[in-house]
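Each structure below appears as structure tokens.
Below are two complexes that have chain A in common, paired first with chain B and then with chain C.
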Partner chain A sequence: MVTAQQTDNVKQDTPAAGCRVPYRVFTDRQYYEREQENIFKGECWSFVGLEAEVPQAGDFKSTFVGETPVILTRDSDGGVHVVVNRCAHRGALVCREMRGNRPSLECVYHQWAYDLKGNLIGVPFRRGLKGQGGMPGDFDMSQHNLRKLRAESVGGLVFASFSETVESCRDFLGPIVVEQIERIMCKPITILGDQRQRIFGNWKLYAENTRDPYHASLLHLFHNTFGLYRSTQTGKALMDANKRHSLLYSIAASNDDAADKQAYGDSRSFDTEFKLQDMSLLKGRQEFADNVTLVILTVYPNLVLQQIQNTLAVRQTVTYGPDEFELVWTHFGYEDDDAEMQAIRLKQANLIGPAGLISMEDGEAVEIVQNAIVGEARATSYIAMGGGQADDADHLVTEGAIIGFWDNYREMVGFDLEPT
Partner chain B sequence: MSNKLRLCEAASVKDGEPVAAFAEGMPALAVYNVDGEIFVTDNLCTHGNAMLTDGYQDGDIIECPFHGGSFDIKTGAAKAFPCQVAIVSYPVEIDDGWVCITKPEGAA
Partner chain C sequence: MALPSLEDMQVQHVAAQLNALHAELIDDDRLEEWPDLFEDKCRYSVISAENHNRSLNLAAVFCDSRGMLVDRVVSLRRANIFPAHAYRHILGPTRVVSSNEQIISAQTNYVVLMTRNDGQTSIYNSGKYIDEIDFSGDAPRFVSKTAIFDTHLIDTMMVRPI
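Take a look at the complex of A and B:
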């Protein structure tokens, strides 16, 4: 029996401002499966890697689009390609290494071989042995290539799509996202390394988290305490025309401690008396002319491109089910970084990633939601900070971009699947 | 002493059906008939561990059974993936109806 109290927060008769998302979208496998079809294999572009990860002909990287394993390759003409990592023969992973360099891709099971574009070029015992066995006479190699995705590079970020009908990647991203990608990818980069993080929660909780400037100054004590990010700073929360993607940015030098003291009062997450014994972690360089010190560019559905102080990184979401995803952080700098700049980036890498002084709390935030909504078929969240609409804001106390995400999600997946 | 090696009777080699041949001090050999003309190459593929005489002859191309790579029978040149290294080919002499090659200098 459902009591009035239990249904209280799903009442739809008062259509007040604000967005309500049923918690079952984070736990019910039906939604997960629909997302794989309609988002990751649907009318979307997913981030798969940086061109700088596959600089030479023959370089490859195994990764994922949603849950589907794919391979990013560089061919001998310099082009990048993305193919499904599944042999056209009997479905084995063709590529079992995370990275490498090969002239061709060869499945270990029966040694079917493919070129770097995914075309089948070799089938052992195709004509049998001494005339016995072999493939049927009408076997046509050209009909058995690896499944090829569309692949496009924007500013050195490679995106792939299963869809033949989706708009070009640049159009999918829109001018705000392209401009921000080009701001960070303004010169040749050098990869510093990966960090990988399994988070036992639904991937969409992270999509919300990275569209949420409101939490950053409340959850992240380090951020706030040392003035890297406060809601009192000059910043904006903007979206593309379709409100799929989100740009959050702030300027750290735009506030002062006295005014902040007044704004935050005695809040738990604000104490200007804290000091680090070694302050070198916070000594970076101003490297962008616009003075922006924090950019969280969240690209639907699976990418964050970030600048936090002098850390530069992409974060890719890989889904493993309704309640598990992996976050792959690829840190990078610029080819022309001097030794000191490289040292700054490496030291500041302590701010981000799975155990980062800032970022560790986001993984935890995702998991405490997942743990609390388990088995909940009816209740919803309530998202209204900043006005309850998918609106841009010239401040940081908003959840508008989260609503933008859900508006798109509702269109592509829907909220109203029958409970399984 | 002659270095001429007799491999097999030319008449026993049919177009499209290469024949394995063995001669002392030589690697395994393959004898082909291409349109009535006889050719000899090494038999072991330069890529995988397979005998070309178990493969498929298509005109002057021999396709390895193992991975489907191929060689030009007349020159030994590698023709298709994954074969990249040419196979050794030998000048042929027909002597009294026998296929013969000259044992290369330095062969054991």
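Take a look at the complex of A and C:
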């Protein structure tokens, strides 16, 4: 039975005692459709790729903003551009490859051709053949370009927006996010490879997961047992001024094994009996002067930039529907990595990605929620760890950044759609 | 193609049997025995064709010692959280690419079907093994085994060896 109290919690602003999110936002297609319009095609910047993925003129990569197929290109002037991957003629995919290099973008259907900025440059039989056919006299090439998105690069991360009115990308990210991007993207990078993972759950469950330092040492035994991450570590959970984005960081050198063991008691995830035969997996290098060993920078709406030990990666969310999304992990190192450092990064890659000894578990965390909330029209979650407000914390026992996400979501999408 | 010699057939048989046993130990959840199929000093990697074809070395799973294989199994048993599931490997014929007195190089196509505890079976991973097998000792063992998979979109997670 639905009580008035529960219904009110759905409709009202966040109550002081915590944040409640109606489960139907994870299952109801109406929300999914409104998210595509108001978030991914709305007043937002979405991550689309790394400049290092398209280093040369003519390089392109097919990707997505939300569910919309787009192409990231590099033109001969060195600029990066993002266009919708859909021919202006009759809607066919212009790029059918994942990546490649081309002087121009040509649709295979009727060979309409576009330059790397998305301008229409060729239409076969435009003036007909033998005086017959052809486009109407008023056909204006300049009116039939690919749909262009705004594209901006921050530290080599390329973001795109459908909006003409949204603030600049740097302003959208805010100084904390820009500073963290520039911390990791401090010198030229080299791409190590991609990993792709399909998770059968709503993309926002992953948005919550990556803003959640509370779960990280409880779900992930590897983090906790080997001290890669513990909630007892020195660390912070910070947000930008608009509380869209979240920065979680921690310093492994602050571990105190004896005290931490007491804090975690008989927790499943603090297992001092668990030993590795080959400890080379965890041998890394201190590569940042600030001693920070874990950074999860979650950028609204679709990006995580991470440093876990010596693994560096971006994770891009691609939505497939209310109950399915893809996570694209692009791992990188630095151009000046020596052979040993390259080997460290490739070995530590065992920790992250779909087969990651740590991060595989987040797929299951998303799916067990999705499976439990099916068909639920009114019930809500309850998010209150750390005080139940969208507040920064100078500790890691908080869910404040999750509430920050939902405050923004409520503004852009709302919780008020009627249950179907 | 010339008829194979008896020796060729023996070599082919060794490589095919070792691959069949590899699949069987994984599918029957006898994972604790699985690392015994490898030399102490070995390489095991599971890498997408998407990366491999671009000469990028980033693998989903990369182990360069038998100890790391054991660690993967212990981690699966004790540490990792994942949905209950079983694998079934379907192997194609093993082709010996080359061999000398000590090492066989061979390759084998595979498909791994996954069954989750809701009872549904799906094609989880499809690809090709490229193996180097040392058969000079008491039993043939992998010096290296690389699973190059076409299915670069991995459903949910990958915790078992391929």
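Here, the second predicted complex is superposed on the first by the 404 of 420 C-alpha atoms of A that agree within 3 Å, B and C clash if a C-alpha of one lies under 4 Å from a C-alpha of the other, contacts with A are read in each partner's own complex, and residues count from 1 in each chain.
The rule we apply is simple: a contact is a pair of C-beta atoms (placed from the backbone, for glycine too) under 8 Å apart; a residue touches a chain by one contact, two chains touch by 3 or more.
These numbers come from a predicted model, not from an experiment.
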### Query
In the superposed arrangement, does A:251 touch chain B (first), chain C (second), both or neither?
neither
### Task
Considering only the touch criterion stated at the top, classify A:363 as touching first (chain B), second (chain C), both, or neither.
second
### Message
Looking only at contacts as defined up top, I'd like to know whether chain B or chain C touches more of chain A.
### Response
C
### Task
Report for A:126: first if it touches chain B alone, second if chain C alone, otherwise both or neither.
first
### Query
Looking at the overlay, does A:111 come into contact with chain B only (first), chain C only (second), both, or neither?
first
### Message
Quick check on the superposed pair: does A:93 touch chain B, chain C, both, or neither? Answer first, second, both or neither.
### Response
neither
### Message
Applying the document's definition of touch, where does A:166 land relative to chain B and chain C: first, second, both, or neither?
### Response
neither
#### Entry: Overlap of the chain B and chain C footprints on chain A, listed as residue numbers
none
### Query
Along chain C, where are the residues that touch chain A in the complex?
46, 48, 50-51, 54, 56-65, 67-68, 70-72, 74-75, 78-83, 152-159
### Task
Could you pull out which chain B residues touch chain A in their complex?
54-56, 63, 65-69, 81-82
### Task
Enumerate the contact residues on chain A facing chain B in the complex.
104, 111, 113, 115, 121-130
### Message
Help me check something: in the complex, which residues belonging to chain A touch chain C?
### Response
98, 191-200, 219, 221-222, 225, 271, 274, 276-278, 280-281, 326, 331, 346-347, 349-350, 353-355, 357, 360-361, 363-365, 367
